[in-house]
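What follows is a set of structures for review.
Each of the two complexes below includes chain A, the first together with chain B, the second together with chain C.
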Partner chain A sequence: MSSLLQKIPLIGKEIPWLNDVRQKGAEAFAKTGVPTAKTEAWKYTKPRELCGDDFVIKQSKKDSDWKADLPFEAYQIRFENGYFCPQESTLPQGVEVVPLIEAMLFHPEVWKHLCKMADINKYPFAALNQSYLNEGVYIRIEKNVELKKPLVIISHTTPGEENLFFNLHNLIVLEENAAATLVEYHTWSGEVKSRYFANLVNEIYLSAGAHLEHIKVQAEAFKANHVALSVVAANKDSEYKSFCLQRGANIGRNETLVKLQESGACAEVNAAYIMNGWATLDTTTDIEHLSAQTTSHQLVKGVIGGDAKGVFQGKIHIAPNAVKTEGNQLHKALLLSNTAEVDVKPELEIFADDVKCSHGAASGELDEDQLFYMRSRGIGLEEARQILIDAYLEDVIGKIKHEGIRNWVEKEAK
Partner chain B sequence: MSKTPLLEIEDLCARVEDKEIIKGFNLTINEGEVHALMGPNGAGKSTLSNVLCGKKGYEVTGGSVRFKGKDLLSMSPEDRAREGIFLSMQYPVEIPGVPTSTFLKHAVNAIRKYHNLPELDTMEFLKMVREEGRKLGVDSEMIKRPLNVGFSGGEKKRLEILQMSILKPSFAIMDEVDSGLDIDALKVVSEGVNALRDGKFSMLVITHYQRLLNYVVPDFVHVYADGHIVKSGNKDLALELEEKGYAEFVKEK
Partner chain C sequence: MNKINSIEDEAGDKYKYGFVTDIASETAPKGLNEDIIRLISAKKGEPEWLLDFRLKAFEFWQTLSEPTWAKLKYDKIDYQDLSYYSAPKQKVAPKSLSEVDPELLATYEKLGIPLKEQEALAGVVAVDAVFDSVSVATTYRAKLAEKGIIFCSISEAVREHPDLVKKYLGSVVPYTDNFFAALNSAVFTDGSFVYIPKGVRCPMELSTYFRINAKNTGQFERTLIVADDESYVSYLEGCTAPQRDENQLHAAIVEIVVLKDAEVKYSTVQNWYPGDKDGKGGVYNFVTKRAACRGANAKISWTQVETGSAVTWKYPSCVLQGDNSVGEFYSVAITNNHQQADTGTKMIHIGKNTTSKIISKGISAGFSNQTYRGLVRVSPGADNARNYSQCDSLLIGATCGSHTVPYIENRNKSAKLEHEATTSKISDEQLFYCQSRGIGEEEAVSLIVNGFCKEVMQHLPMEFAIEAAKLINISLEGSVG
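What follows is the complex of A and B.
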């Protein structure tokens, strides 16, 4: 059995039904274990590192005086080394933010969605995450409430001597016509001594007419492992608009499963990744058009240097009854070195007629003539390269609606 | 009056992809001088410009180039620019996604930094661009657009000269700055070029047409064929070439 499955005393272990949920996760993970090269969904991103037997789950929280310095106003929710840290920010009317364990025990309505949205037999790391179900946050935005300031979930890690392993599980529910901006920021500070593993699951439920802009910045330490799954259920006329920047970790996988389950639902799943060294950064999407008149757009752009490897697996599934749907997908990569690599696997599964679907992929290098032009004006090579890289990412980052966040992401991408 | 040499090219030989293009090129340009370089298509004029500015893909196989007494060929392209060389390109490059003004600001400040001058802030920079732009008919709408993208041939050339007047080089190579310019624009651009002539600023003007040389009057005219200068003279040589063409200089093939 994998060393990732450890027996630790979790809160509520004496409650049979809760134990049962966790046990199901453990069993599902025990069946598959850490994916190998033979696992189709993981054939390009090999999480070999995660087979090591030296991951340690810390059982007590340690507060740090680290503070996120975000250049935009926001409500902050913070986790330190995988543990919830209460914050002193007052939330406006109509928003509820509850630590997950509290929600599981005292807000029975969470069980309508919690651990229901993804099939854990298909997602080994979601199964593993469920076996530790404890830390995370439940966010509920009431009907017709439009959140003015973004909600930011910060996961901050201080890598220690040991290889930390932690799981976070968030449930985000937007009721009818609610609207919000959610930011996830995964960062670290201190010295990079160990290769910690952050295993994350978000379940996002959008009721009819709800709008969510979800922005994520994965800026983990360079030896870290970051595996994240966001599952989104989008109901009638709701909108899920996401952007994920990955620029840290040795293995980083950001997987998004969107179920457009009622007509008029739409999703925009955009991403950018920037990498060097030996990193593998993986963007995997699965957009399921389950109902008629649903739309999805994806733009993913990567900048790959060193011996790094970018992975994009993008699936668009159109169910038999999902007529008059539209699904587009485009992946582009900029290769900065001869040893940089990119693996792209687009997949269209179309079972309906009268649909508009497209996918495309392109990769290229920095243009020598453009570099020379800038250098001939006195701009140094590194600066010239950076200008071209910024320009390359401009359109995808430009899709972030919230201006303050967009400017922040632009800086994070440098 | 003793002359101070600015650019000294000696026996320069260079090739592109195993093809010898420059074969023993000699030329000295002193401070304040304007030299015109004329020659048939494919003679290697743009190649010479690129070699002098350090573009990749051009292999120098012999000779030397000194600029202000320093070995030019060992410098990076950006250092050549920072030392005061400017190349107005025959085909300015388009850079989508990079606003012209952003690019210009990077360039100005990179050069200022090299000379230990404080960087210009956005206000100072815009003021300067607006002033210089007005003289050359480059409006502020144009510099908001991505660099050279969708610019007409003439607009691109005007922008080259705008860059030159902002970056204030001590030596400029103008590779067919007159191509694509209408008659009025030619005048405007020439005035922009002449405004830089302060007795020290020097130029190598590459052109196919005498007309530009009516405005930017050269001290010397050189005919470049078969990889080197085959004839030099004063401005009257340009008039002669206009009449007779290059026939007498081009070897029978």
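What follows is the complex of A and C.
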């Protein structure tokens, strides 16, 4: 049994129905356990390594004087070592941000979606997360409200003496025709004295006509583990547009499951990963076209150096009768060293005929001719390589609509 | 909609090759155990080492469980309810065609195998006809022997060329490879053996026709092809099976060894009985095919047209060990009614400058499901490896499924890998274009499908290309609405 499943007193443990929910998560995780290399969904990312160390679940908050320095205006939500830290920003009308534990106890409407969107029997780490259901945030954007400034969820960790393990669970609900930009920023400061393991679940519910742009930057400490699952339910004519940059962590996995469940729903799931050292960065997507006239686009680009390993698993599923759908996907990887590795599994699963689906995957190295061209013009090798890498990533990062965020991500990607 | 129904009804009787030849077979009792394996080995008068090989495989097989990762649904196979040996009863082994049971020859004639008319076919094809499990006639041996080419049944090879068989058998597909390979290694009854000596270019296409006949007999063929340095051979494999209601199991192994500068071209047309239009009956086809390019500049090319079988599980693979070796895989798979196919290839790049190409075309119709499953792996030492993969799927009708599951693993930065896959239906514009020019709907579909498959079909040898084009049309009849 993994040390990840520990008995710790959580808030609300005396409430039977809340205990039940957590218990279900614990049971589901105990049944599957930590996935092995034989688990198809974890084939290329070594989950055993994720859980190799003893992790400790901290029960006390620790404030830090670290300040996020974001070059764009935003409403901030902060988590420090996995605990919610109240912030002093005032939210506009029509937006509600409530700590998860408070929402679970006093906003019964959250139970319409909370822990309902992903099948925990299929996602062991989501099951584990559910067994610790406590920390996180509930965000609700009211009908027809369009949020001008982005909402930023910052998860900041200060690695301490012990290997820290924390779980965050966010529920984001956009009501009819609401629109918002959500940024997730996972970062750290201090000294890397220990490993830590962040296990995250986002449940995102988009009502008819809602629009969400979801940008994530994973810049965890190089010894950290980061496992995240975002589940999105997109209803009629809603739009989910996401971009995830992974550039930190020892093992990082960002998994996105989008359910396009009503006609007109569309999703754009883009990602980039940049890595060195011994890291394994995994981008996994599963786009389910469950209704007719739904569309999805994916573009994922990776830059892999050192002894690192990049993993991309992308699936497009078209349900029977989900006709007039369009799904496409492209993954490209750039290998910078001879010990780098990339493992790709793009998958199409199609049960309807009137569809247009495609996927493409390519991998290669930097073009020698282009490098030579620049070097012959007096640009140093390192600089020339950087220019080529920046240009290579430009088209995927360029898909971020919000200009301030785009510039910030470009800097983060360097 | 009436039109569709009428065509579909017709499609029900379309399996041209569904007949049973009445020949007394000598069949082993049902079940699988050590005694049966000893019986098979004894019947074939095999040497001790081969019996050991079989027993080891059987022992290993018992530790395995049937793989479930493929996107296939079928009733559990009861391996103890099958008979593992069946041979047409004949007192003396035939020395020439005239001694062969005339009823058997009549069967082949119905199938269109040019066994009798081969002279007329100007000696293009030498047929090693396999009826159930024992080779009953092998032709053109003399002409091949002149060049030093060995083309015979594997049992004969075990007797006459034991050194070659011992050296290469199980060297490409070891019995530990997978569940079905272990089963085959334990109970294989017959198959073909080909050896092309150094520097010889095989003057004709070698061909074998497999045929499953006796009731409840699984067929476990084993083919071993060895192409020595600088040699060339083109090998054809074609299959038909009689119509039956019970599922028939087939678990074959094809092993190919390609040495320095040699080239092997392996073509398959598979049209075993796919079951009736309700998915009843049909052949279960679990095949392990693999070629190893052992020397520099070796080349292997797989071409397959898969239209038959109720269940297909088949991944012809290329292990590119020699520097500059080349692997190719061209495939057309057509599934209709309730057929299921999980097929694809593996390209393992080990040597430097190795290249591989995958062209896979899948067509699903009716209630069928089809999966392309492929692996491209580049090892750290495979500098400048190159792979191009293209998998296109065509869907006909709203009740079928088409899936693509490629695995791409790159561990060398100088490797250039490209993979593309598309899935769509026959466009209304294309159909309208044809129909507005007076081409009927069925004919238009067949025209479009043939165009869709052209890239693969052109890699088939002449004799096969014609048969394959006809097969595609037969397979798709009744699928258009």
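Please note the rule applied: the second predicted complex is superposed on the first by the 413 of 414 C-alpha atoms of A that agree within 3 Å, B and C clash if a C-alpha of one lies under 4 Å from a C-alpha of the other, contacts with A are read in each partner's own complex, and residues count from 1 in each chain.
What we mean here is this: a contact is a pair of C-beta atoms (placed from the backbone, for glycine too) under 8 Å apart; a residue touches a chain by one contact, two chains touch by 3 or more.
Everything numeric here is computed off the predicted structure, so don't read it as measured data.
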Side-by-side fit of chain B and chain C on chain A, or clash: fit
Which superposed partner A:F372 touches (first chain B, second chain C, both, neither): first
Touched partner set for A:P71, first chain B, second chain C, both or neither: neither
Dominant contact partner of chain A by residue count, chain C or chain B: C
Chain B versus chain C as contact partner of A:G380, first or second or both or neither: first
Chain B, chain C and vertex chain A (Cα centres) - angle in steps of 10°: 80
Chain B versus chain C as contact partner of A:G277, first or second or both or neither: neither
First, second, both or neither for A:A391, with chain B first and chain C second: first
Which superposed partner A:P92 touches (first chain B, second chain C, both, neither): neither
Chain B versus chain C as contact partner of A:G190, first or second or both or neither: neither
Smallest distance from any CA atom of chain C to any CA atom of chain B, in Å, after fitting: 15
Overlap of the chain B and chain C footprints on chain A, listed as residue numbers: none
Touch list for chain C against partner chain A, complex: 69, 380, 393, 395-425
Interfacial residue positions of chain A with respect to chain B in the complex: 367-370, 372-381, 383-384, 387-388, 390-392, 394-395
Residues of chain A that touch chain C when the two form their complex: 40, 44, 320-321, 323, 333, 335-365
Chain A-facing residues of chain B, complex: 53-57, 76-78, 80-82, 86-87, 89, 92-93, 95-98, 102-103, 106-107, 110-111, 114, 163, 167
